[in-house]
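Here come two complexes built around chain A, the first alongside chain B, the second alongside chain C.
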Partner chain A sequence: MSLTSAHSVVAPSANSKLVAGTIIVAYALISIVPLLWIFATSFKTPPDSIAYPPKIVFQPSIEGYCNLFTTRTRQTPEYINSLGPATGFCDETVRKRNMVIAGPSNFLPRFVNSLIIAFGSTFCAVFLGTLSAYGFSRFKVPLADDLLFFILSTRFMPPIAVAIPIYLMYRELGLSDTALGMILLYTAVNVSLAVWLLKGFIDEIPREYEEAAMIDGYTRLQAFWRTVLPQATTGIAATAIFCLIFAWNEYAFAALLTSGSAQTAPPFIPTIIGEGGQDWPAVAAGTTIFLVPILVFTILLRKQLLRGITFGAVRK
Partner chain B sequence: MAEIRVQNLRKAFGDFVAVQDSNFVVEDGEFFVMLGPSGCGKTTTLRMIAGLELPTGGKILLGGEDVTMRRARERDIAFVFQLFALYPHMNVRKNIGFPLLAQGMPSAEIRQRVEETAKLLRIDHLLNKSVSGLAGGDRQRVALGRAIVRRPKCFLMDEPLGTLDTEFRDLMVHELRELHSRIHATTVYVTHDQMEAMSMADKIAVMNHGIIEQFGTPREIYDRPATMYVAEFIGSPPMNFLRFGGGLAKGAKEILVQGAKVTVPEVREDIAPADMALGIRPEHIRFDDASKLRGAIYGTEYLGTTQIVAVETADGIIKARVPAEIRLNSGEPVGLSLSSARLSLFEKGSGRAVKTAMYDKAAEARHG
Partner chain C sequence: MLNRTADNVARATPEPLARRVRGISDKGLAWLFISPTILLLLAINIFPLFWAIYLSFTNFRANRPNEVVKNLGLANYKRILTDQDIWIAMQTTAHFVFWTILLQTVIGFTLAWLIDRKFRGHAFWTTIILVPMMLSPAVVGNFWRFLYEPQIGLFSYVISFVTGIPPTNVQMLSNVDLAPWSIIIVDTWMWTPYVMLICLAGLRSIPEYIYEAAEVDRASNWRQFWSITLPMALPFIMLAVLFRGIENFKMFDMVNLLTGGGPGSTTEVASITLKRQAFESWRTGYSSAFAIILFVAVFGLANIYVKALNKVKQR
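Let's turn to the complex of A and B:
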C-alpha cells in the first residue's frame, strides 16, 4: 500500500509549506482563542470575569470551580466567625465572601449523566451500525439501496424538528427524563451516520478474509469477529468519535426531555446562577471540565479520526 | 486426501449461466487445473466446490460424500485466494495456525504443526514477522502454509500466482509442483495462464462461457484439441487454421487446401459438406519449396533457438515455428509443408474436432 504521491507528483515546495503553515496557525488561533478565554475565565474571580476592559492578566483563583461543585448560603460575619477553622481551600474562599458551603451542587451527577448517556448511546449506535453495515455490505439484502436511502433520509431534517412528537411519545412511554430514553434517542439519531460510515469501511475489507476463515472452520460470526472487526477498528473508532461528539454536545433534546435525574451537563451548565446574576467563572469551569472527556477521547483516537476523515481519499 | 467428483454442476446468476452442466473427476492426489479466460466460470466452479457459492443444480462429491449443500467449514478443504487473504492483524505464525485454532487444538500442538509446516515451505525464519512486510513469494508461501497445516481433503487455489512478478511466478510454479509431489494433495487450481496450467497440471479442463470445452492431460489438450476454441487458447502462438470446404467421407486421407493436396490422419466419420478448418501447430510447419501450399514471408520474431515466422497465404497469416538459423527475407515466397500426422480437422460451425486416426489412441486410453 503506497500512500506517496497520491495527489502531487513532486514534494511540496518550501513556499507552499510556509503558506499552508501560516493558514493552519491562523485558523488554530481563531479556533483556540474562545477556548482559551473560557479556560482563563474559569480561573477568574466573579468581579474579574465581568471587569471592563477585560483582564488579560489577573490573580488566578479556583473560586469558579468551588462554586461549580457546591451550593452556598450567605451568612452574617458573626456566624461565620463562630464556625471553626475553614476545612479546605474552597471553604476559605467562600467565607471571604460571607458565605458557607451548604452542600454539593448538581454538577457532578449531571456530568455523570452526560457520560452515561453519551458513551451508552455511542456504544449502541456503533454496535448496531457495525452489524447493519456488515449485513448491507456482505449479503444480498432485498431493497438494500432503498433501505440505505431510508436510513440516510432520517438525517434530512434537523432532529429537533421531531421534538414535539418525541416529547409527547416519551411522556406517554415514561421515558421522559430517563437515561434510557436519552440513550435510545441519541442512538436513533446516530445510527444512520454509523451505518453509512461503517459500510464504507467494511466494503473496503475484501470478503476473502471471512471466506478464508469460514473455509478454515469458523462460523460466519466467528469469522466476522476475528477477521473483519480487527480490520475495521479504524472505521469503528472514527465513527465512535463522531457519534460521541454529537451525543456529548447535544443541547436541544436534553433541554426539552430532561430536567432532573437524567439531565445532562449541556442544559445544566447555563443554569448555574451566582449571587446577583450569572456566575461566569463557574459556568466557564463547568465548560472546561465538560471539554475534557471529548478531548481525551479524541487524542487517544486521533490517528483513526484522521484516517476516518480522509477515508476514501487514498486508495490502496 | 480424497477424490472430487463433480456431476452436472450448474450455476446461474439470474439469467446469466456461469457454469453449465460441468462433469469431471479429480482423482485422489491429482493436480487438476481449470483453465480459461476471465468470466468463463472457472472461479465459480471452484467456489462451489469450496462451499462459498451454492450450485443451482448438480452434485459435488468429496471422497464419495455428497457435500453439495454443506457449509464451507464442514467440507474440510483449504482455499488459497488470489490476494492470499493473509490477516494483516496477525503475524505469520498466527496466520498459519489460524485454521488449527478453529479446531480447538492445544496451543503446544498448534505450535509444533505450524513450525513443521513453515519448515516444509522454508519460511520458518519468518514466523514472528508481520505479514504486511513480506515479499510476494513469501506471502504466497504463508498462504500455502495456512492451507496445508490442517491436512485437508483437498486444496483449492484461485489464481494464486496472479499477483506475483514474473520472476516469483516461475519460482512458485516450480515450488508448487514440488510441494505437490511431496504431499500428494488433491488440488484444484484455477488460472488463465496456459503456461502455469501446462507445466503443473496432471489434468486440465479448458473452460469457456461456462462450458468445459475439453478435459484431459496437458499433452492431450495440446496435441489433440477437442474444439477450435481449445486449439486457439492453448499454445503460443496458437494453432493455425486453414479453411477448406466440402464434406469428408469416412476413411478419407487427403483434403484439398488452397488447391494443394494435404495428407491428413484417416477420417473416422462422415461429415456433410460444410465450412471446415485444418488445424496445424506452428512447430509442425516446415518450409519446402516443392510444396504447392504457397505463401510469402510477412515477418519474423526471433526467439533464440527458434523463430516465429509469419507467412502471408491466400487464407491470411499463418505462423510457423522454425529453427532460428534459417535466414528469411520479408516478401520472399515459400512453400509450406505440414506434418500430416499432427493435423486436426474441425467443423467451423460447431468448432468440434472431426474424429480422425489421431484421436484413436486417446479414445482407446479412455475407454480401455
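Let's turn to the complex of A and C:
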C-alpha cells in the first residue's frame, strides 16, 4: 500500500488523521467549556446565573461587572425614589434591585496590588536571574552543579512549609502584608526558574561573539552588555512572562501572608459575596478580568511554553 | 541604541570605579553576578528553613509569642509519626497524587500521540488545549465550586442529564465518596495539557528513519508502538511525572478553595493539614516539624527519581 503513496512510508494515513483530528477537537472543545462558562456567567444577572436548568441562552447584562466594582446597600423604595435620576447604567441596574451604590469595592486596589507585585518581582527575578545565568554559563564557578541544584531545590519546598517561618520573619521585620515583602518572596521563588531558563538561553549564544568584542578592546562587562544581552532578548522576554504568570497566579503565600493593604486578586476573588452567598456573576466577572492577560501571554508564549514549564529541561 | 547606552554608562562611570570594574577578574565578575541570587535565596529560603528546623524542636506557638519556649527535643517528630490524622492526610495525598498522575499521563500521552498525526489545524487546537494549565489554580478552582453546585452547576447538570440521577443528588463536593474525585477531576482538567506538551516533545524527538527501518522490517504498528514509540518517549513521560508528582504532593491552592479539605477531612491533603495546624490551631512548633518531614520526603523522592531518569536517558 505504501508503494502507491507519494509521501514518506511512515506518514499517517488520511483516515488516521481524521480520527485523530476529531478526538482532539472534541477534547479541546470540552476542556474549554468551563472557561466559556465563566465568561458567559460574567454577563448573566444573579437570578439567571443560578437558574435551573443552567441557562445557555440569556439576556446579557453587565450587572456582574457593576457588582464587582461597587459595594451596595439595600434601601427602601421610598428612599430610592427620593434620589435624583440614576447616573449611568450600573446605578440604574442596582436601583432596580432596591439597592444603591455605596462606594467602590476592593477589587480595583487588589488588582493593582497584583500588578505591582507581579511586575516588581518579575523585574527583580529576571535581573538577578540574567546575571547569575551569565555567571554560570560563561565562568568556571566552583561547585556550579551543586549551586544550580541548590537554586532549583528551593522550588521543592511546599509553599505552606515556607510560609510558617516567613510569616514569623516578616512579623519581626514589619514586612507582613506589604507589597515589598511579597515582591521579595516571589522574587526568591521565581529566581530559580529565571536562572535555569536563562542559563539555557545564554548557553545557546556562541561565546565567539563576546571573544571577538573583547579582542576589539571591550571589557568583559561591556561585551556582556553589548553582545550577550541583545542576543538574549527573546529568552529574557519569555522568562519574564513565565515569572509574571507565576506571580500573577500565586495563591498560597498571598492568602497566608497578606490580608489587607497588600492582598492580591487571587485570595480576594473567592471572597466576593452578595446577599445570601457567593455573587457568582461578580466572581465570574473578576475571574474573567483576571484571566484575560494570561490568555494573551499564553498565545504569545506558545513556542517557548515547553521550555518554560520544564525549567529548560526540554528544549525541542 | 544599546551600544550607545553602554558607551554612556562607560563614560559616566567615575574613573577610579571604572578602573576597578575594568580590572575586575573573570572570577570576581562571576561571583559579583551570582552572589546576589545566592544571598536572596539564603535570606528568603534557607534562613527560614533553619528557623523552621529550630522551631520544630520546640512548643512555640506563633499566636503566643511572649510565652516561654520549651525545648521538646524530638517529641514533635515522634508525635507526627504516630499521629493517626497525619497518616490519613498522607493517604489522602497519595490517593490524589496517584490518580491524578495516572489519569494525566494516560490522557496526556494519548492526546500527544494523536496530535502527532499532524492533521490540519493541529497547532491551533493544541494551543486551545494548553489554556487551562496557564491559569491560576486558585481562581479557577474557586469557579469549579460553582460548576459542582448541585442542580444549578453546569457539571452536576450534565452528569444528571447523562446518567438520569436526580440533579439534587449530584453532590460532588459534599459527598464523602465523591469529594476526593472532584479534586482529581479539576486537577486532571488543568494539568493534562502539561503532560501532553512534554509527551509531544518526546514523540517529536523520535527520528523518522527508525520508523522507516521498522517498516522495511515489516514490524506491525502495534510492535512499532511498543518497541519504538513508548521506550523512546519514556524519559519525557518520566520527566512529566516527576514535575506533576512534586507539584501535586505540595498541592494546596486548588483544593483549599474547592473543598477546604472537607467534607470532614476527606480531601485534607498534606498541605491543608499543615495549614490547619500552623495557621488555625497555631501549633507552630508541631507544624514546623511536619513541614520539615514533608520537605525531606519531596526532596528524597525527587532525588531518587532524578537518578532513575538519568539511567533511562543513558539507555
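Following the convention adopted for this analysis, the second predicted complex is superposed on the first by the 267 of 316 C-alpha atoms of A that agree within 3 Å, B and C clash if a C-alpha of one lies under 4 Å from a C-alpha of the other, contacts with A are read in each partner's own complex, and residues count from 1 in each chain.
The rule we apply is simple: contacts are C-beta pairs under 8 Å (C-beta built on N, C-alpha and C of every residue); 3 or more make two chains touch, one makes a residue touch a chain.
In this text, all values refer to a predicted model and were calculated from it rather than measured experimentally.
Trainee: According to the stated criteria, A:Glu211 is in contact with first (chain B), second (chain C), both, or neither; which is it?
Mentor: first
Trainee: With both complexes superposed on chain A, which partner does A:Pro158 reach: first (chain B), second (chain C), both or neither?
Mentor: After superposing on A, A:Pro158 lies in contact with chain C but is clear of chain B.
Trainee: One more residue to check, A:Thr219. First (chain B), second (chain C), both or neither?
Mentor: It touches chain B and chain C both.
Trainee: Looking at A:Leu168, would you say it contacts chain B, chain C, both, or neither? Reply first, second, both or neither.
Mentor: second
Trainee: Is A:Thr298 contacted by the first partner chain B, the second partner chain C, both or neither?
Mentor: So A:Thr298 only meets chain C here.
Trainee: Quick one: classify A:Pro230 as touching chain B (first), chain C (second), both or neither.
Mentor: Touch partners of A:Pro230: chain B and chain C.
Trainee: Have a look at where A:Ser259 lands relative to chain B and chain C in the superposition and call it first, second, both or neither.
Mentor: neither
Trainee: Residues of chain A touched by chain B versus by chain C: which partner has the larger set?
Mentor: Counting residues of chain A touched by each partner, the higher count goes to C.
Trainee: Report for A:Ala188: first if it touches chain B alone, second if chain C alone, otherwise both or neither.
Mentor: Touch partner of A:Ala188: chain C, not chain B.
Trainee: Per the definitions at the top, what is the overlap between the chain A residues touching chain B and those touching chain C?
Mentor: Touching chain B in the first complex and chain C in the second, residues 219, 222, 226, 230 of chain A appear in both lists.
Trainee: Report the residues of chain A in contact with chain B in the complex, numbered from low to high.
Mentor: Residue list for chain A touching chain B: 206, 208-209, 211-219, 222, 226-227, 230-231.
Trainee: Which bits of chain C are touching chain A when the two form their complex?
Mentor: Answer in residue numbers: 2-3, 5-6, 9-10, 21-22, 24, 26-27, 29-34, 36-38, 40-41, 43-49, 51-52, 55, 62, 111, 114-115, 117-122, 125-140, 142-147, 151-154, 157, 167, 189, 192-194, 197-198, 201, 204-205, 208, 211-212, 215, 236, 239, 243, 246, 249-250, 252-253, 256-257, 270-271, 274-275, 278-279, 284, 287-288, 291-292, 294-295, 298-299, 302.
Trainee: For chain A, which residues count as touching chain C in their complex?
Mentor: 2, 8-10, 12, 16-18, 20-21, 23-25, 27-28, 31-35, 37-38, 41, 49-54, 128-129, 131-132, 134-136, 138-141, 147, 150-151, 153-154, 156-169, 171, 184-185, 187-188, 191-192, 195, 219-222, 225-226, 229-230, 245, 248-252, 255-256, 265-267, 269-270, 278, 280, 283-284, 287, 290-291, 294-295, 297-299, 302, 305-306, 309-310, 313-314, 316
Trainee: Going by the contact rule at the top, pick out the chain B residues touching chain A in the complex.
Mentor: 50-52, 71-73, 75, 77-79, 81, 83, 85, 87-89, 98-99, 102-103, 146, 150
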